[in-house]
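Next up, some structures in structure tokens.
Each of the two complexes below includes chain A, the first together with chain B, the second together with chain C.
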Partner chain A sequence: MDTVLRIILQRLALGLVTLLVVSIVIFVAVNLLPGDFAELILGQGSTPEAVASIRRDLGLDQPMVARYFQWLSGMVTGDLGTSFAQLNFQTNLGGAGGVTVIEQIAPRFSNTLFLAGVTAMIAVPISLILGVLAALYRNSAFDKATNIFTLSSVSSPEFFMAYLLILFLAVLNPILPSLSNIYDGMAFSDRLNKSLLPALTLTLVVMAQMMRMTRAAIINLLASPYIEMARLKGISPIRVIVRHALPNALAPIITVIALNLAYLITGVVVVEVVFVYPGIGQLFVDSVKIRDIPVVQACCLIFAAAYILLNLTADILAIISNPRLRHPK
Partner chain B sequence: MTWWMWIIVALVVMGGIAWAMRAVGQMATGNAPAFRDMPFGVAYGYVIGVAFLAVVVWAYLQSMSAETAVANKFYFVGRAVEGVIMFSIAAYLFRMLGRAVGTYWTRKMFRSMPLTAAFGILVMLIYAFVAIFAGLLAPYGQAEILPFANIVPGGNPALGGDPNHIMGTDQIGRDILSRLIYGAQNTVGIAFVTTLLAFFIGSSLGFLAATLGGWLDQLLSRTVDVLMAIPSLIFALLLMTIASVWAPQLGIPLTYFMVLIIAVIDSTRVFRLARAVGANIVVMDYIEAAKLRGEGLGYLVFKEILPNATAPLLAEFGLRFCFVFLTIAALSFLGVGIQPPLADWGTMVRDSAAFINYAAFAPTAALPPLLAAGAIALLTVGVNFVVDWMLQKTSGLKE
Partner chain C sequence: MTDQLLKIRGLKIEGRSDETWNPIINGVDLDLKKGEVLGLIGESGAGKSTIGLAAMGFTRDGVRISEGSVVFDGVDLVTASAKVKRGLLGKRIAYVAQSAAASFNPAHRIIDQHTEAPTQHHVMSRAESTADGIELYRKLRLPDPENIGFRYPHQVSGGQLQRAMTAMAMSCRPDLIIFDEPTTALDVTTQIEVLAAIREIVEEYDTAAIYITHDLAVVAQMADTIKVLLRGDEVEEADTRTMLSAPTQDYTKSLWAVRSFERPRKPAVVSGAVPVVSVRKIQASYGKIKVLHDVSFDIHAGRTVAVVGESGSGKSTVARCITGLLPPSVGEIAFDGDVLPGDYRKRPKDQLRQAQMIYQMADTALNPRKTIGQIIGRPVQFYTGLTGSDRRRRVDELLNQIELEPSEYFNRLPSELSGGQKQRIGIARALAAEPKFIICDEVTSALDQLVAEGILRLLADLQDKLGLSYMFITHDLATVRAIADEVVVMKEGRVVEQGEKTAMFLPPHHAYTDLLLSSVPEMDPDWLDNLLTERGIDNIGDAAVDKM
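Up next is the complex of A and B:
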């Protein structure tokens, strides 16, 4: 167990370092902006005095390295600054009021997590079942049809799948709502109902890889001697696959599932925009459009952190599920 | 009852039918092997398949119903069924043509080709044709503003259409059909250029890292590691925000920035592959021989490594093109990608998406966004089918 623990700790440390470097990249990228935030806020008709005043308020007159560490320590303690769009006289004069970035992001982040959770709940079991079935009936019409269907759904743009689902499940047959106007204090079933269409869209997007990996991993094992043995014992094909092949194929499948959940983080942006789902992706795109730099920076870092974390989880799960590492000689 | 209860009931009923069918088959044929050895899952699969076909045929018949409300409701299913059938026949004929005409190698290639791959190649050829001859095919210019805005698609004057504009005109009076055709040129063309650029940067740096090794390899690899740790769409959006401030100040169109940004982000993936492939080739004896001959770095990379790395790079090129194409479409859809007046499918989807809500009573009005999004989907699906077939063929992944 010692080796595993050491490797996991190594990976965790590596992930932290990566995150730190990524934060530097994001910070430097934003500072490549011509002029600075102060001129950006005030626009073209600004007087030099006003610009200087805001620069002082935002601490822009300090050197870049100092600002970076200030920003980073703010990030760690949860103080992400104040969004430009929410700046007003009161905040400029140092008073309270105005919405801080964290107040904007926190509720939306939990909404996005909810959506990703619902998607995972639907996508993982379906793709596992379909993958096992495709391996069981390999090279049959069913296998080919699933192959074509999943390949098409994964290679179409997210918004195409989203609008197709809206067309068939919301407009032509009013079964599900096409707008996900979620708010606080909503009943759970209502919330689920409203986020079902975006979740289904994301399911279609991430399902293909998981299903194909399940199928490939199982079929890879079918030539092994112990599967041959199980077959010769007279065990039914489904039992051979579920009891004998699947447990040994779990490692690559788990890795692909974790990687696809990481992909959800990116896919969520477009889907949230289509369904007007109040998640962090929607906030990110809106802030990009109005160049609300503090929010863009914070969202970017959160996305990157989630992405790194899930990739790390995939890594660690792959290590844990490898018996050779778990039981070193 | 809610919809999901209906689904469960339907599945259970079909399971019952499957069981009954197998039992009846066993009795009627005197326990013939085909029925005796049939697992329940296979019987269930047959029933679901037949039920699915029946629903499709029923929906298609409904789409030709005399009642307008019913016909409208099933309009899209009808067109989709027709599209699938037409494309299948076209792909089949195309494969037959390929088997009959051409050199020995192309005929051999077409003989072992599945229908999906033939479909993919056909789609790619059609897109290339439309993109090259867009100027001749389109009835109007892509930025030409006509006197009549918001003409309904369909070309029926009684419903507010115009036979001169089959797909109607958009909110400022540009012909939608022309813009769809020009979209092939702009969207596909820009994606293609971006992919080429990404490959140029990624593979040359990757081969260089593989050949030289040492600190350069370390530096490039670690940089790529960091860039790959940020989700690509998010990073692209962040950089596009910055570029959108720079672009007007420098007087360079935003589209150039987009090409550069996406090329750099995607070249990291190409770099990884090129370096891995290159590292395998560098240890070969013939590279050693070339080094001993005193060949220069350029000769090593372009004459020794590159020809031996084409096969994996080519498959990667197809996949990378799909990713780039989808990223550009997503950026345009979000409003920060290809800028007007260039016609572009992602932007068209965003602009006309609201018309989907009228699909129930005016199906043709919902066509522009669906066609634009479908045009993107069709190409990526086609390319993916071809790449899938190539990978299957080269890796020998049969069973």
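Up next is the complex of A and C:
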């Protein structure tokens, strides 16, 4: 177990370093955006003095390096700053009374996690089962139908799949609500009900890759001597695949699942817009529009952290799935 | 005919390549009685494994049984449904594969794989089968039989795994076991243990077996009758003693004759001559693990030094030190009396040119996307600076030297060559640098005996013509006998014995050399019995424990 622990710690440290590098990239990239908050808020007729004054109040006149370290030190202590747009100008700039970035992001992010969670609960098991079945009945009509279905759903634009589902499940057969306007204090079952359509849409989007990787990873192993051995022991085909092939095919499957889960957290803005779902994606796009730099940076960082964390988890699970590392000589 | 177990009639098997079906087996008959052991021998491509699998009603992807019947105890496996076959496989017919390391599932414990067939076929409960497995492990003299099954395959050595796989095949007490080259991948000393274990357990449970191998001496120990195959056809079949003493067919005789190749003795080295390569007290480590301890030996001009030992003895590490891939931590390598830098990157091109290598797996040592002309032409240009038509002429000359027709082979890809031809290309590539010294790393161990003999003869001729020195890494003592002038025996990173070959093959030996020498199977059906009596059965068990 020592080896596994050591590898996990190494990966964790590497993840932190990656996050630090990403934070620099984010900071530089966001600051390279043309236009700034002060110009936008004052409009076209603003005097240079007024712009400079707001910049000074927001700290935008400081050199970039100084601002980066300020941001970084705030982040390390858990302070992501105050949203420009939500600053309370009456209570003195930067003082108490403004809405902090954390307060603004937290509810949105938890909504996003909820939607991603519901989607994962549906998409991952279905993809795995379909992948195993497709590998079992490879080159059969079932295999081909599954491939065509998943490939066409992933190839269509997300909003198109969303509207199709709305048409069939909300308009023609009013089973599910087409608006996903969830809010705090809503009962869990209502929340689930309202999130179901966006979750199904996202399922269609992420399923293809996971299912096809499961199928490919299993089929790839079917020529190995130990699979032949299992068949020569008279083991049934489904058991050969589930017990003998699948455990050895886990590493690539886990990696693809992690990538898709990361996508569910960071890339679902279109679906959020279609269903009016109050997730972090919409907040992010709105903040970019008004150059609300603290929020944009925080969102970027959360996205980056999600990617790194999920890939890290995938790496660790893949390592644990390898008996050579779990049980060293 | 109540004791007839397996009856194969007119078996024809085809394999698909490029959309067409080509015959692999052209109508073979085979009969096996209960408790009888049949040896199937032949070179690679003879169809031994294909027949072995077909005897289980199984064909690999891209292979089909086109005609004939395989009747096992009244059931024709060719026409039986998949379900009927599954009911027999594992339960009444079992399989032992060539590479146990590859044929055990890496994701499950050995015992879980052992109990799978009995529980799936409802022969025994899991607990019963586990207890039975432990009993079988004990019978097969595996070390620590109570616990070894609870390890994962990668935690157990190759020879032990091979025995565990034999135990697994025995788990349902089948009537028939197909052994497909079960000891080919093992060292000679390990091979003995596995052979003895297999034979004992097959006798004890009166199991019939088809024993597939290319090694005549091995089959002589194991089989009651021997069937010789050549490219999908039966050459002849007879009981083992008759077959060994009086083969009737020319092909069988030629197989028997291979082992007789031996080079004439060379004159002794002039005392005071400077050796081509001198390995002086080198030590080397991989990380913290020290793998070589004070290894020293000399290789003189025009002579062949065989470095022998089991896997893990440090043979290949010495080669890595000489070529500079692994700089020794202590000691030095001298070439023609000049000490070489330890790291190959610090050696001048001319020194690099002088020492070349030929590898065990010609398959993986040749770039599959380059033509033969490019593979040989590249070192010609790199080391000798020849270009254009000069380079082409030199490549042709090299191809002639390895007895391949230049016009025919120049533009071919490695995939269009046979195993022996690929190894010849490996030799030509080494010769392209015009070296004085060549390291041959197990160059014949992946080849059939007839082909291997051809390679050995070629190397011997080249040595006579070009005055080359060879370092011959091998674990096969027959090869040593055929080609070496001097022998260096290694064990656990140390040289345990060295000297002239003629002296080495005569007693008294170092105990380890003796073990190696006596473990090489001989073409005498009583050899294994005699050896086991001589060593005492317990010795083998002890040897297995020592290996832990």
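The criterion applied here is as follows: the second predicted complex is superposed on the first by the 292 of 329 C-alpha atoms of A that agree within 3 Å, B and C clash if a C-alpha of one lies under 4 Å from a C-alpha of the other, contacts with A are read in each partner's own complex, and residues count from 1 in each chain.
The rule is simple: contacts are C-beta pairs under 8 Å (C-beta built on N, C-alpha and C of every residue); 3 or more make two chains touch, one makes a residue touch a chain.
Here the structure is a predicted model, which means the values were calculated and not measured.
Q: After the match on chain A, would you call chain B and chain C a fit or a clash?
A: Fit - chain B and chain C, as placed by superposing on chain A, sit side by side.
Q: Mind working out whether A:239 is in touch with chain B, chain C, both or neither, as first, second, both or neither?
A: second
Q: A:248 in the overlay: touching chain B, chain C, both, or neither? Say first, second, both or neither.
A: The answer is second: A:248 touches chain C but not chain B.
Q: Going by the contact rule set out at the top, does A:224 touch chain B (first), chain C (second), both, or neither?
A: A:224 contacts chain C only, not chain B.
Q: A:155 in the overlay: touching chain B, chain C, both, or neither? Say first, second, both or neither.
A: A:155 sits against chain B, while chain C stays out of touch.
Q: Does chain B (first) or chain C (second) touch A:114, or do both, or does neither?
A: Touch status of A:114: no partner.
Q: Roughly how many degrees, to the nearest 10, is the angle at chain A when you join its Cα centre to the Cα centres of chain B and chain C?
A: Here the answer is 80 degrees.
Q: With both complexes placed on chain A, how many Å separate the closest C-alpha atoms of chain B and chain C?
A: 6
Q: Find the residues of chain A that appear in the contact set with chain B and again in the contact set with chain C.
A: 223, 236
Q: What does chain A use to touch chain B in their complex?
A: Residues 18-19, 21-22, 25-26, 29-30, 32-34, 40, 133, 136-142, 148, 151-152, 154-160, 163-164, 166-168, 171-173, 175, 178, 216, 219, 222-223, 236-238, 262, 265-266, 269-270, 273-274, 284-285, 288-289, 291, 293, 296, 299-300, 303-304, 307-308, 311 of chain A touch chain B in their complex.
Q: Along chain A, where are the residues that touch chain C in the complex?
A: The contact residues of chain A facing chain C are 223-226, 228-236, 239, 243-244, 247-248, 323-324, 327, 329.
Q: Provide the residue numbers of chain C that touch chain A in the complex, in ascending order.
A: Those in contact with chain A are residues 53, 56, 58, 60-61, 85-91, 94-95, 97, 99, 102-108, 116-117, 120-121, 151-152, 154-155.
Q: Chain A touches which residues of chain B in the complex?
A: 3, 39, 41-42, 45, 49, 73, 76, 116, 225-227, 229-235, 237-242, 244-246, 249, 322, 326, 329-330, 333-336, 346, 349, 353, 356-357, 359-360, 366, 369-370, 373-374, 376-377, 380-381, 383-385, 388, 397, 399
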